[in-house]
């Protein structure tokens, strides 16, 4: 069993008492991902990857995901104005991350991995981690936190395979081949390939504008086309992420 | 499909555009519930009940739960010092509730039901709701929020059936017959009746003390015995809660 | 002299220097309590009870009350929409409690009793205490805080006497026999029994609704009738609370 | 009756319904004032002055004081390190003032007077007022707030009478002739003239230093000598403040 | 005159009264940039670029820079542990940006450009802008804010010229050719090319680790070598940024 | 070189490593100062004075100023409603001061001087300092902070010289002889004596009113006349401030 919330507390306490267990904490968002997909890939994918990593070791557990993330931005998630995209303030996300890390550390845990599934979360996770570590230091606790976004573990070789026509960057991979393939592999019931809207990758001016301009975003809400997504690619991507992250975690923490 | 995050955004947008859809938002906690049960009943039970309610109507949807709740208290949850009990600050919970409600209201939703599964959350939910409505009013939006804890829908008749030896109050029903029966019905894999520790219901002095005194709490972490829990009771409790809450929701909102 | 603010600082300093003095801090609210009573019983009653307790011992002092409390709720205080009910945000109350406790601890005090007079305050007091103790720990200070609501010290025997026709719970004792009798005993000038509005105890659905519905609340603002209140009951209630609380305080702190 | 909390809510509601009643809100502090005086003059004096003003008009009410104020400073209150001086953070005071003003405005009140009794509070009162008015504007409410410190109403003529040997400024009038005389007039039981420590007015360098240096402050905690204080001066000072403030209030609001 | 703080208020008021003036607000950081450069390029460069843009039009003004920015990160700024790197919390930066935008909007301004000079600031600027616009909407004010980082205006052609040996990304351009060349052009007195430490561009694992590991960062504090920097490149980079940003600003706002 | 941000980090690190360097931090505001002067004297003057002090010693450095300050008040700065006056909330200023002090202390610095140039900042600086020292204590760091407003170093003799017709107090010296003379000495390009509006010093009632009444303030925005300002007076004032502050700093810290 890798999901800590599914353990009874005594089994969990025994498992973590030596402080060597690694706690993986997925952080996602509820955000539209185009007409062909559910609104929870940013939660489900990092959770599944965390579980995949945890299954490879006795000393890794997965914590319940933080499901609500920072406000979707036009250039990376389509923007915060789509119905269904349900985001929280930056300060709130900072506080949630801080509080949750501090709580797990009070159980005796000292090794954490935040697995981010939503591009816009990153800097607020950094700040939540920084404040948590500061707080813990004031309590005499030294902990370590690894922060990663799973897509940064996709190798160049995999990119070449999955994007045979060229790769336009992770930013515009919103609802595109990466996420759709992973969801086809992990939660095929959440994808309907018939509803994929094909379009060229979105391009943007070098600046952002607020309030957002919906006209900048394809009306589908995706930033690149998922037409080439497949379960097979999904498995490939999943495996490369799990393997890579497992490598980092063990190198660093085990 | 009743879980909104499993819908694609266009289906969701169409569903909620008239502002008459009711959004049910489960709020729970990650908290020890004795050696015989997983640490997520406060999330799973209100989520399942919300889904049960939503299945009865076309115009009710369930939002992803807020999984991390307010600090467990000795007299109602055993206390915040048990390994596995993972709680956030009151201000943080207030902010999460506020932000999430505001976000759903921006999609056009005006009718909300917060389904609480963790005793200690209640007043912070009240404040989060109050601040959300205030904020929305400043944006010219009038919304309505119903707040309930599912156990308040257990009828006297059901109490008599489920607690034949007398009922000692919802406070000490922590990890006891109520929650264990519901979990046996909903998630039997999360319960191991062989590990139930039988003890008399916990009794407490009329005050609270901080820092908490672990000696006040049975070492099992439960506040009453789950020995009499059963799947059958679980179904009974589930049905009475679903029916009652559905009644309130339709009376108020439909 | 039991009210610390009436002492000169040198007498106070001498009194508290050994860290064994107990500081009682009443916390109340400015809230309507029906047409027959002033709006300050939630401040005056816990203050008087604290003074009663302090008079029994040389090592107990009463601090100035926190007079403004958390927002009145329909089911326990009539609601926050009555003219005269004057309440502060949850975060503000948390901060006031935290700051005041930290300040008294810096004088050398280590033993505190918060005497709550307003139902809705409770969880925010819990959080204020928790944050204060955390803050003090960061300064190397270990303190202890007892939290109580005075009505929890009314014994079953007293309830039987005071509510001969049956007791419907502390929640609806808003402006009813409990508070009115205590005020008749302590501050008779603040009560006008001729203005008591007699009505059945308020009953409510199992949920709360926001914004509040004034129609749920008797138009008097009371939740149960004060008709049976008397100075004699007030003395009885006062004595049982003072004795009980004094018992807890000495058991725990002296 | 001038103290609004002593009214029943219906009388209060009737009084304030036209929005023309002036609400006076005393704001003080719990702070040492020398070995000869209690620690609450900063609360009692502005409360008494507010009551004095309110007694002159049917359309002025006094609200319960905010008793805990901002941190005492060396040059104006002796400093925050004296036992008994019990102060709250600046942000907390800002929030209390904001919340309380907003709450009174929601009753229909539009005219407020903050009567400050503690030098260090001033700028935090300014900010609390500013945030309250901003918040109220977002709710479509226009209110007006007058802010004053009572000593600013002592006329030159009175100064000449009360300080025949020369006046060294309000800053060092901490526990000196001004406050002691007023307390002798208003609360003689809180003063013991036999314990007055006579010393020259404190003088300070042009800078402040943090952490504070206790050696800068006379060991009595007073910044000037109360030896010349008298009940007669107290009455003079009280009357000139009440008359002056009443003049401002009526000129501005009535 | 393009710097608004150097104008007298009446000239400024006249200039901005029609709401069509564009306010450019540089946001930087005080951060080490290697042994060969001062610690203020993130302030000086966006300020100079803003001034360059403003000089091209009568209806553009530059506001005083926000000089203290978000915590330096290892992979983009070397990390927050270097002496001299002086950074503020994320929430603080959010609040500063929000308050400053709201203040300028109250003067009548409706068009803003935030010119970011410090990679780590970006998401906190997004949030500060979002909260400012929300706040202004509550006051009935509609404003528009453009957000950009100046390096995003360096064209591919310029990159090819300035990085003839290949470009490794803006992240590692910390204290490298980009910033050093710009400073040589704008503030040559702040650069000492003799102190440049030559090294290969820093490479990092795909994750971040907290607390930071100083061993990940070249001991110079730079992430790529400035050896090829030149005043000529600086002029080129400056001109391409000024021209590009001017283009965006006029296209959007003029 | 006295401005630390103009040093490279290694030179700075070497300079401050023994913890004996004094860091001077100017804090100002962007605020109208009449039609004859730019809006930045509150930043430029304390910066110049800090530099003047630092030039007298090898162990004093000047940090980049905090340029945006607390809201201008009618009686000391004309009020927050003038176009060009650009101010931040009190809580924000508290946080900026706190964060910046903590950051400099983490470099090893233990001696700080905050040089205030804007009357309204003072109490928020006090609170920022207090919170910074508290935070640092939690990290085991003891630091000392001197807080001063430069005008408090103008001697009586200088006042007599500069205000031959009588001195009406620093409050109304807003845009008057003090600031104008200093700017004529330090930044003559920011002053246009031809635009000085001559008027009697502003007088005010003993209270403040919110929202502010523009009619209380001379339409020029100045509170006293700058007609008698001169470069010569500016030099005199500058020197007396620099000398006095240098005296305090060395007495206290060197």
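In this document, chain identifiers A, B, C, D, E and F correspond to the written order of the chains, with residue numbering beginning at 1 in each.
The definition used in the following text is that a contact is a pair of C-beta atoms (placed from the backbone, for glycine too) under 8 Å apart; a residue touches a chain by one contact, two chains touch by 3 or more.
Nothing here was measured: the structure is a model prediction, and the numbers come from that model.
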Contact-graph distance - origin chain C, target chain F: 1
Label of the chain whose CA centroid is most distant from the centroid of chain C: E
Equivalent interface to A-B, taken from C-F, E-F or A-C so that over half of the residue contact pairs match: E-F
Chain copies touching (chain A, chain B) - same or different residues, decided at half shared: same
Cα-centroid distance, chain D relative to chain F, in whole angstrom: 28
Where chain B and chain D are represented by their mean Cα positions, the distance between them in whole Å: 47
CA centroid of chain C to CA centroid of chain E, Å: 54
Touching two or more other chains - residues of chain D: 89, 91, 138
Topology of the chain contact graph, where touching chains are joined (line, ring, star, complete, other): other
Touching pairs among all chains present in the structure: A-B, A-C, A-E, A-F, B-C, B-D, B-E, C-D, C-F, D-E, D-F, E-F
Chain B partner contacts - residues on chain A that touch it in the complex: 4-10, 12-13, 16-17, 30, 32-40, 43, 63-68, 82-89, 91-92, 95-96, 99-100, 103-104, 107-108, 190, 192, 195, 221
Chain F residues touching chain D - in the complex, by the definition given at the top: 70-71, 73, 80, 89-91, 94, 120, 122-124, 126-127, 129-131, 133, 144-148, 152-153, 205-211, 244, 248, 252
Residues of chain C that touch chain A when the two form their complex: 137-138
Residue ranges of chain C touching chain F (in the complex, touch as defined): 138-139
